[in-house]
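Chain lettering (A, B and C) follows the sequence in which the chains are written, and residue indices restart at 1 in each chain.
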């Protein structure tokens, strides 16, 4: 059963602004990256998934339920982490998450217990009893994540979860999301404009551009190995290039890297021997993989 | 013999317990709102005002009861008590309505609410009922205190107590009308802004500005105008409805035959406020 | 060709030291000013642009102080992080306005040139409020460049842009840098900096932690063993041979392959091919795992 399935989903506001146009995707459970322009496309998509907006045309199903018909059922199983500030400054995290747990329909004791557990899983310990107003950005992001988890959803919608975090905080958040997607068994949709992050933790990707689907695929399909070997030596790049060309390798230079076409398996050994014979320091030897960023490099012009 | 050592599994647990329906969710918001109205679960500062107002109204009630016990004079009856406390009630809703509604708007927390199985109507309904309850308590409890005072000092035994009850219950109904009208108006104004100070100011302004209009109309030579003057001011509107529903209990407002007009206007005001609130939140609720 | 110099510059606000004894020299090309939020990047940019005076030290553009020096504005362009733009103006009008404010002799021509450089000629007659974020950013760059300054300063220019918009902006900055302009942009997102410029100035809590090419910076950190990910036809045998080498301080094997820690970068990188060949092992992958900007940055933060 697919997680999210849309068919020719279209949303226009007031007949002029087209936020989504003819979007057809079929998303499998797992960790999914949702990449695209800030503003119209992604946020509209999330609102439609939550049943807060009705599509202009086309259909959408979440867990095989139609959010325009049974929004409450869908929202019970979905946790949402908004991008923007949404926390009251004068309550503690423990109290706030408990309250939201009850709004999700949990009985009082269960709400308290699950709130406590959710805060523990996101890494908030004694600070949870202090008022949210005094929290750092990283802590606030964690509170937002905890409230999305408190009612045990089957799907998390995270909108720019690493926004405003420094590299260490970003690392911690990404690791947490990865854990949630793999260990906890909850599917996660991560909206991000940072492709490196998406490549790192997501299994599949949906790229929306100008409201239209650019590509929807598994990350592994977009990062297949190519037949090119990247070789980098910290000195003597020219000599190595000459030597390899002499040995009938096709060599292209890319900054510090030499890109060598891989035709047979023994190429590895021959290249290694060339490096050793020239007594060069080998810094990198790696079969090049395609990158998600290539998806965006093709088009050129202005309307970006 | 020792027990085997074990590392306990405290990983993420799924939840298989009950998930309560709309009723429980509404109840949670209602209780949360009622508590917030009186400052429970918040800082000491937020308790000052509501409790000050409640303290004053109860104090007045105690004084009235004492005076009546001593001298048998009913300085203010139950219904007149409400009218006398009107400004306190205005101040109360001016502070409490923004607490209930403007705070949520300001902190941007509504997406977290509405991404849950919660309709705009549910959210508003619960907050509305919470505010109505709070206002009713601020007036109703003192009225009960007055009743107790009268009941314990009555000279006619059980029939005296029954008499008092017969006066109290309609007055509680009158208090309910107060609560409903004031709650709808103040919630609507508070929902227009996230800044609590502005909301409070707006609510007070509404009542302040309508009083002179009423005053002017009252001075007009036409008797009809005088009788209809009450429609211009919320407090007088309620007074008019009270006079129509409970004639003789002395709200003292001359309304002639226009009782039903007052009632209709009151109902319209309440309905209009609630519908406008709903429309506003439906829009806000789409995140 | 212009040079921006900071000589022992500090800037404080009461007890808050925003910038602490920073010295750097910026030349032609693109440099990334990198640091966590609140590290002092915006303060440095504003001092370079002449909006703030240093509390101590000198900020110089081609030898002249930037503070209280209006002449400096003709050689500098600054694109701030947050700027309100009047939505009702068209792209062309906005850039033209900037040209007029710089008192250029032919503002119309200058505006058109600037718009061409940022590739916004097609959209120049549309109102700003209809622009996407990336387009708006490019217009602001055009407005900041309309007087053809030698130096361009940008504060968090990629904020919130999607990948394609970022790539456009990056190639624009590179093109300008290649043409001899001195470009400094700030960011707290490593991924962005990594792709735009190899040259970084890392600023942490007001202090300049490192300058230069981040890979070379990594190699300067000799007290930290370099970490490599290795895959070969026989990891375990290779591991045994490697641990015998003095330049190797640690070897770890797991499902994904082998991780090698090398205390002596130079010796190890020369020894590895020899050893693999001697043992008859095919080396399939050698990947430095901590030379990324992220690792370099985290090491610098701990310094």
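Following the convention adopted for this analysis, contacts are C-beta pairs under 8 Å (C-beta built on N, C-alpha and C of every residue); 3 or more make two chains touch, one makes a residue touch a chain.
Every value quoted in this text rests on a predicted model; they were computed, and no experiment measured them.
Shared contacts of chain A and chain B, meaning chains that touch the two of them, come down to nothing at all. Each chain gets a centre from the mean of its Cα atoms; the one farthest from the centre of chain A is B. A simple rule picks the central chain: find each chain's mean C-alpha point, then take the one closest to the mean of all protein C-alpha atoms, which gives A.
Between chain A and chain B, the centres computed from C-alpha atoms are 48 Å apart.
Inter-chain centre distance (chain B to chain C, centres taken as mean C-alpha positions): 59 Å. One finds 24 Å separating the Cα centroids of chain A and chain C. Chain A contributes residues 43, 46-47, 50, 52-53, 71-73, 75-76, 78, 80, 82, 84-91, 95, 99-100, 102-107, 110, 114, 117, 121, 147, 151-152, 180, 183-185 to its touches with chain B in the complex. Remark: chain C residues 36-37, 119-123, 132-135, 160-168, 188-191, 219, 265-266, 269-270, 272-274, 276-277, 282-288, 294, 297-298, 301 touch chain A in the complex.
Put simply, chain A touches chain C in their complex at residues 35-39, 137, 164, 166-168, 171, 193-197, 209, 233-234, 265, 268-269, 272-273, 275-276, 279-287, 293, 295-297, 299, 301-304.
Within the complex, the chain B residues that touch chain A are 11-15, 17-21, 24-25, 28-29, 32, 41-43, 103-104, 107-118, 285-287.
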